[in-house]
Amino acid sequence: MNYAKEELLAVTIARLIGDARHVAVGAASPIPATGAFLLKQQNPALRISLLQKRSGNPFTEGSRELFDLAGQGRIDVFFLGGAQIDGEANINLVAAEGKRFPGSFGSAFMYFTAGKTILFREEHSPRVLVKKVDYVSAPGWSPPEIERRGGPAALLTGKALFAWQTEKRRFLLESVHPGGKADDIRANTGFDYDMPAQVPATPGPTPAELRLLRGSVAHVIAENYPEFARRVWGEARPTATT
Amino acid sequence: MNYAKEELLAVTIARLIGDARHVAVGAASPIPATGAFLLKQQNPALRISLLQKRSGNPFTEGSRELFDLAGQGRIDVFFLGGAQIDGEANINLVAAEGKRFPGSFGSAFMYFTAGKTILFREEHSPRVLVKKVDYVSAPGWSPPEIERRGGPAALLTGKALFAWQTEKRRFLLESVHPGGKADDIRANTGFDYDMPAQVPATPGPTPAELRLLRGSVAHVIAENYPEFARRVWGEARPTATT
Amino acid sequence: MSDLRSNETRFLEDADAIAQEIPDGASIGLPPDYSPVAMAVVRALVRRKARQLKLIGVPVLGLCADILIGAGCVREIETSAVTLGEAGLAPRFTAAAEKGALRIIDATCPMIHTGLQATEKGVPFMPLRGVLGSDLVRHHPDWKTIDNPYSEGDPILLAKAIVPDVALFHARWADEAGNVWVGRRGELATIAHASKSCYVTYEERQAGDMLEDEILAPGCIGSVYISAVAPAPRGAWPLGVPGMYGIDDAHVQAYARMANTAAGFQQYLDEFVLKPVAA
Amino acid sequence: MSDLRSNETRFLEDADAIAQEIPDGASIGLPPDYSPVAMAVVRALVRRKARQLKLIGVPVLGLCADILIGAGCVREIETSAVTLGEAGLAPRFTAAAEKGALRIIDATCPMIHTGLQATEKGVPFMPLRGVLGSDLVRHHPDWKTIDNPYSEGDPILLAKAIVPDVALFHARWADEAGNVWVGRRGELATIAHASKSCYVTYEERQAGDMLEDEILAPGCIGSVYISAVAPAPRGAWPLGVPGMYGIDDAHVQAYARMANTAAGFQQYLDEFVLKPVAA
């Protein structure tokens, strides 16, 4: 079957969201948004809040409301990335090796208060996936005395999917995307992690999922991330079989 | 000169407000409101916020905003009454002698945060003006370690005006309303207070003040306190000389 | 927090259907009389003989509390006052209080807002200036005084987070997405945000999604907070809805007179609460 | 708090008149790029060669900060991020940061909101969950960790009250009473409430008093908070005003390219900032 890398990542994200009831997707996150809207096709009750959407923003009280919502326990799934991500699921959005990044945004709060966080970064390299982040914008785990509702559930990259093992505070290589090899993952990952003897391939989109992605999902995504939709699905936004 | 008791009290309140820039007047306070609007005729920059006004309420964020405003230091003058008021300027709005009153409202906060508070209670009797309140809804003064922006400035009753002496934490009888006697005040006041050898009479409204009260002020007050305006100024709301 | 993850607003038939969902023993956050009160649900709660309710006045209580107290639905209240406004004292509250038949937690307006704001932010407490030295502090079970960690020898009061089981109020509009429009009545949003579940009656149904309208959105409470809505035209009566109808002063004054005695209150219930009434 | 008792909104002529009133060294609370930014005043600040400003991002900074930093107006920023959104990194911020030419206090969005809410309530601090264990806590000068007074062995973070000297933003409407309408952009109200003075540019003047209109009032910030307003049609350009005009993406992308070098940035200033520009 032919599909785009973005489509593989989106269906993986849809599976990771699972039975959540409320997903919040940050700015500049077209792939998580695609995954969430794909899932909504199957579960219309799923609530998706697109943050900083230019129109039809779901909030009525300004930029504080997302954080209040999360504090109240009303956000089940959130997405975070990182200029660096390490083997303890710490993320760094501030600075590394003399380079300055934009900053931590709400990560240090959302990582604690959302029900679960999916770490997502397409670049899979030793530069991004490091042994230890240079700056902890938001910690991957907290000692027991610290109140923390949620934490990392998984780390999805352009090459592989890792599951987070809460007890061991370590990642487990869950699957490698089709065409990739476990050895290549080891070579491109700066942190140590567990892996089974046989690492399965990440399941690709089913024909039904592809139909949805290229139909109604592409339509919604094009409204909010026009550049991305054009790149993945072209101007025509084809429906059904391609 | 002929004037109503309410007119005397209103002009006294206008003088007590003085050079304030922002006065907040609670529900069911037509006389303080009358005093504030009289002053506004002379100083149009005076801002008057009528709380719980049924329409044209000055707040956009609901009932919390008044308290936030006061906390920010943006309310210069507020009014409080009391089922009991004692010689240390404590007020009781909760319960006394087996009787239950409505409750403390925002008094315990506003008394601290408004720039100054004018205590106002028409009934002047030993039942209301007591030696010690049965319940302190809001204290008249605070020890030095307690942060407190404001406190009582004066106590105005239907019979007299007391000034608050911050250092001595005691009231001083400043004037007795025309027709009254200092002895009568002493007999009807349950707490002890200072007084000068000669107690002056509370100055009545000037002809100019009366013209304003019976003209534009009566008009504004009638919109917000129709029963009161009818009682004081009659249906016709006469302007100028009566 | 049972219902916090509920994200689909249900559309119920009427105020009675809401009253069926509010269980005995629930704590209910209620707005003041000048902010739309779901009076139709209050009457339905009396009809279904609700018991052991705890009412939280945000920040004061009025007619709705007096009726519920008089009808024996209420175990406890936390509020900064109970008043009928221009109609004077709340007679059934006063009678119950003076008989000792009601647990009363006396508060002051901004401390109630502060406790709800704490829940809104997901924090266990929030500080407030003032109040210290008031007997309210001595009697309130949930307030604490600490030293300001930023400045030595500077005591400051903390409100513990208040988490009502139920938020209950009335709105001018609800839309097809389950959003409600309450205009500038911000205390309603605070109650909704802080409560485990939230029930709203409304005057009129709006087509579409008000959050897509830049002019209406700022006065809306998003459906993410709303458990269920039900139509109740003139559902705040005898209280008012800003911009639609005012308080029926004559009725509230008549209530105040009748409710001055237990017998008169029962007559009021018979006439205006126990049999369905056209406003 | 110099201007807190100011209660008369002044009507100034234009954005330059506002820039004249914002002194060198002032701390300025600024909204994110998706909430109307007073870009016309930002350009006027560059023209008047403002110096030593402290910018506070509520909760993030964007184009306005990058221009002010590039033009040498800024000593220090406190923010949870600086970004041009879809146009990528903020180049002058990045260059200044990597050269060490700017003091940066890194924060996280809700801690900035929390610090402003503390000032809004008149309290010296406010708690927030989460964040503990982040390096932000180690580096931030104003945050403290205490034990939750309601539960032993439960550390919780406090934000110290943030008090900007100046709130600066753009609004769709101002009215004759000095109220401004900002719709659902609640962060603008928080900045206005917490700041010592507040300057607002607006698109259009409304007759009368918007607070008398139940539909408009919920989106208004009352004049009690507003020091002065000035007209600035398309004053947020190249950023947008919800419901009126969107972000001029092409212009922001052109900016991002030009500002990648100091020379290109100077050319941008010459072309779009130093000489008056028609949007």
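Think of it as A, B, C and D in the order they're written, each chain with its own count starting at 1.
The rule is simple: contacts are C-beta pairs under 8 Å (C-beta built on N, C-alpha and C of every residue); 3 or more make two chains touch, one makes a residue touch a chain.
Note that the coordinates shown come from a computational prediction; the quantities given were computed from them, not determined experimentally.
Between the contact lists of chain B and chain C, the overlap consists of D.
Counting C-beta pairs in contact, the pair that comes out ahead of the other among A-C and A-D is A-D.
Ranked by how far their CA centres sit from the centre of chain A, the chains are topped by B. For this pair, chain C with chain D, the centres built from the Cα atoms lie 36 Å apart.
Chain centres here are Cα averages; for chain B and chain D they lie 40 Å apart. Chain A and chain D have CA centres that are 30 Å apart. In chain C, the residues that reach two or more other chains under the touch definition are 117, 121-123, 128-129, 154, 156, 184, 189, 217-219, 242. Chain A has residues 55, 57, 59-61, 67, 71, 113 in contact with two or more other chains. Listed by label, the pairs of touching chains are A-C, A-D, B-C, B-D, C-D. Residue ranges of chain B in contact with chain C, taken from their complex: 27-28, 52, 54-55, 57, 59-65, 67, 71, 93-95, 98-113, 135-139, 142-143, 145-148, 227. In the complex of the two chains, the chain D residues touching chain B come out as 1, 4-8, 119-123, 189, 193-194, 209, 211-212, 217-222, 224-225. On chain D, the positions that touch chain C within their shared complex are 114, 117, 121-129, 144, 146, 148-151, 154, 156, 158, 160, 183-184, 214-219, 242-243. Taken together, the chain D residues at the contact with chain A in this complex read 32, 34-35, 58-60, 79-83, 85-86, 89-90, 93-94, 97-98, 106-111, 113, 117, 128-136, 153-156, 184-190, 240, 242, 246-247. On the chain B side of its complex with chain D, the touching residues are 21-22, 45, 47, 49, 55-61, 67-74, 76, 113.
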